[in-house]
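Each of the next two complexes has chain A plus one more chain, namely chain B in the first and chain C in the second.
Now for the complex of A and B:
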């Protein structure tokens, strides 16, 4: 309560002030000005749209691939443990390290990705300036997101898959179901709760994407790859505008809450319909 | 889930709120009376000194093994605790410490942060506190000294300085068909036209640090001399023409994409010795770095490309300042005096830090031959506008310059938009 509640209430308070850094200096109460300013700030909206694009590019792929490999790795096969470990390694590595690694891979001149595209596959005769433009930058950041989060989804799905009754698969087999039918009619309903849990957390995670953007593009060029957290961070720590940063974070929190609520609603109804 | 939601979505505010263990109401700013810190007074006790000297180049060794022990020998019984804070963390660390009233006594602060620190009330104005201030100020080059100015007072003294000159790779120039290094902006343009599509020059970004030398050398400026307005200066014909030149070079592929912020390209300090970039505009710190990574490469220097305004580069470096919170200002002042003494300045000169003191120039040039070009350039170099709003101003300028480079706005439109955003900030002071 103290560690979460106090800072939350405190930052809510800050968001209504033109906040002074020094405790000895007075902060000015400005009501909802910071909120109004954020809603009218095109850069804030660009950052929200970028987070949305990141979400669409990374979350479906992360969850689908996580589930796909979880189903594969659930089966008894040689090297199963090794593969499970390999998939989980990105999860436990530092965001800072892998962000710098990906930045290096996507370097325009002499980057490994451009080498692969131009020299190896001969898809293009000129290097793609990945991190120097908006959409290609977001693609690179999304690929890192997928690679980094895949293992976590996989492990959660693996745990959940173990809980789906073997007898259900046997019954489906007796009814003549093939592997795809079993997946759609037995596996998916069996792990629906887990799927929702993974999806909601991944969506929240996508809105909170931060170190990868800060280190790979730093929101540039011209703020075109800025996401909400990098923008808030700059307002607070570069411009000392703590009130504005706090206000934006509350707007984002409300936004995430609404999206998560919608996800529960959407999946809940579907569950009812199936019964 | 609710709790989880809020926990996750408030990562940023946790950090922000964590800083502010303080009372909102506050009593209003009560600037403490400035005590007089006379030279030669008996000093005792301990002070803490924050700096961002680099560990790699021998700077920390010079500070901790030579300078501080010598100072402590001069004043038996005193202790200076030096704390290194990486350059990129310094600003955030200072802000956090200011909010938590846990600032050190003396800080080696980046010159662009001094007016901001003065404005938020964490500094002691040295021009009022030190009776011998003027004698120190008189020793300094005017460019570095001006970076300490805010609200009619001088809040610190230049501890070290630097500027940028043209550094070039002779072989790469010739390989790209350019016989000799361009001396003027016209020659730069002509060279790009001549060798179409090949790199002439690389800049690692499009902020004021990179663009102002072109603007100044072309006879333009960012603001009026009092830093009250940018209208008519930054969007004036000379400034816009300078930016247009850079945009044209970029469009002709004479400048690589690293100018958009350096995220995806080869850094200029690597591209030059590798022969990818024939010329760069950079500071003295690149020499030790290149000597380590590319021992066979022989960099050459030339003054900043000149134009209607002459050859004008930008002043970088650090100032030494004292905090308002310091409990031992007498010792702090004495330490500042020692850091500016010939002994300490020479010790730092050995490891790559140029002195900002006029009468040290000769001895600096004898320490490292490559210093000469920078010392010469410093005679005309200008500081970036001293304003507490600098971080925001630079961010606005950088973004607009990038929009011009990307072709989304013309150079004139970009600078008009920059002026419209910058002037209200400058009006706040």
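Now for the complex of A and C:
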């Protein structure tokens, strides 16, 4: 309680102040100034747009690929457990390790990704400066997001697919349904709740993207790949502007609450099952 | 893409009724396609790690190998030795082990008690407090990082490993309590009542009945707490400034910042950091998956 309730209230309080880090100096109450400042800060908006781009590039792909591999792995096949373990390894690995690993893979000179594009596929004859530009940087960070979270989606979908009744598929087969029809009319409705759950958590996760950006591009060049959390973190802990950082995190928290609320709206009856 | 994935399934199922008289060949072809796609996916998952381990086992060079090495060309343990002895990764490893083990023990002990209270007692504001706990699950930690920092400062917990344990445990409790409560509630009331008839008190029931029955759930909670503490980076980055108190993620990240070209060293340290994770994951795989799907799948 102390560590969830208290900081929330305190966070709101700090966001109304020009907060002083040194105990000897007084913090001044400045009301909504920090919020006004955030909403007028072009760098803040760039970071929000970047998070949105990251979300659009990573979440649909992660969820679709997770479901795709879950459907493939649902039926018996040799080495099923091994595959499930392999897909899950990126999920349990520290963000620091995988971020540095992807930074290495996306290195401009002789990086593995550039080798793949220029030498293996011959798509381009010059190396792409992945992490030195805004859009390619966001693509690299999104690819890491997809790679790291895919296994989690896969495992959740696998568990959920097991709950869809076999007799529904048999009934659909009797009606002459092909695979696509079965997927759309039996599988998707059968896992609707789980699909929403995964989607909502992935969306929230996308707005919380942080260590990968910090370690791969550090928001650069010139703040062009900054996301809300890296920007907030820098304001709070590099420039020691705690009030401003808090205000930004509160704006983000409000957004996440709206998404979570939508989740509970969607779930309705599921809420009972959670208790 | 999904449509393609389902084609094999359809042919396979269409064959079902006539499988006895027909040869199994069409079925096997589709199984092969399915396995091939999954193998491709698994290779994508594993290839980066192979490059990581391979790089860590090769001598450090200023330029990266082209094409990338999935298997080391010249084997050397120099990076591991240098990381372990000269760059104090042994110390970071020890710090991480200390913090993770303490966090695991603390969060399992505390949350088993709170979960028991939520599952079997009535007290004022019980539902409200449980909702607060669930809210703690939904609020991403980083949103409250500023006030937590202020709190840690006033509790004198900056720059201390025990301080890390305190906040990691606090961060884990919401989830582990949620998990354990669901499990405790499934313990049959009759067993509980039978023990009451035999004159057992609350404490005895908790220790003799609930805890042993909840072993799988406790294992789940332990795996999550351990991995959470072992992998955590942002909070440690925020509160730890003493270089000797760094945990592994901090050590690895800081090292990369200072010498951005010594990838062999960075990956030697990364490999050392990943080994316990994979060990814990493989050992607790069943429990981990049970934990993730709690709540996701009703």
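Operating definition for what follows: the second predicted complex is superposed on the first by the 256 of 275 C-alpha atoms of A that agree within 3 Å, B and C clash if a C-alpha of one lies under 4 Å from a C-alpha of the other, contacts with A are read in each partner's own complex, and residues count from 1 in each chain.
Keep this in mind: a residue touches a chain if its C-beta (ideal position, glycine included) is under 8 Å from a C-beta of that chain, and two chains touch if they have at least 3 such contacts.
Just so you know, these numbers come straight off a predicted model, no measurement behind them.
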item	value
Which of chain B and chain C A:78 touches, first, second, both or neither	second
Which of chain B and chain C A:233 touches, first, second, both or neither	both
First, second, both or neither for A:121, with chain B first and chain C second	neither
First, second, both or neither for A:220, with chain B first and chain C second	first
Which partner, chain B or chain C, touches more chain A residues	C
Touched partner set for A:242, first chain B, second chain C, both or neither	both
First (chain B), second (chain C), both or neither touched by A:174	neither
Contacts of A:101 with chain B and chain C, given as first, second, both or neither	second
First, second, both or neither for A:131, with chain B first and chain C second	first
First, second, both or neither for A:204, with chain B first and chain C second	both
Chain A residues contacted in one complex by chain B, in the other by chain C	4, 6-8, 10-11, 14, 107, 109-111, 204, 208, 210, 229, 233, 236-237, 242, 245-246, 249-250, 252-253, 256-257, 260
Partner chain B, residues of chain A touching it in the complex	4, 6-8, 10-11, 13-14, 17, 19-27, 103, 106-111, 129-132, 137, 200-201, 204-205, 207-208, 210, 216-218, 220-223, 229, 232-234, 236-240, 242, 245-246, 249-250, 252-253, 256-257, 260
Interface residues, chain A side, partner chain C - complex	1-8, 10-11, 14, 64-65, 67-69, 71-73, 75, 77-79, 83, 85-90, 92-98, 100-102, 104-105, 107, 109-112, 115, 119-120, 147, 150-152, 155-156, 159-160, 163, 169, 173, 178-180, 182-183, 193-194, 197-198, 204, 208, 210-211, 215, 229, 233, 236-237, 242, 245-246, 249-250, 252-253, 256-257, 260, 270, 273-274
Footprint of chain A on chain C - complex, ascending	1-3, 5-7, 9-10, 12-14, 31, 34-35, 37-38, 41-42, 44-46, 48-49, 51-52, 55, 63-68, 129, 132-133, 135-136, 138-140, 142-151, 167, 170-171, 174, 227, 230-234, 238, 248-249, 252-253, 256, 263, 266-267, 270, 273-274, 277-278, 280-282, 285, 288-289, 292-293, 295-298
Complex contact set, residues of chain B against chain A	1, 3-20, 22-30, 91-92, 95, 98-99, 101, 116, 120-122, 256-257, 260-261, 263-266, 276, 391-392, 395, 398-400, 402-403, 405-406, 408
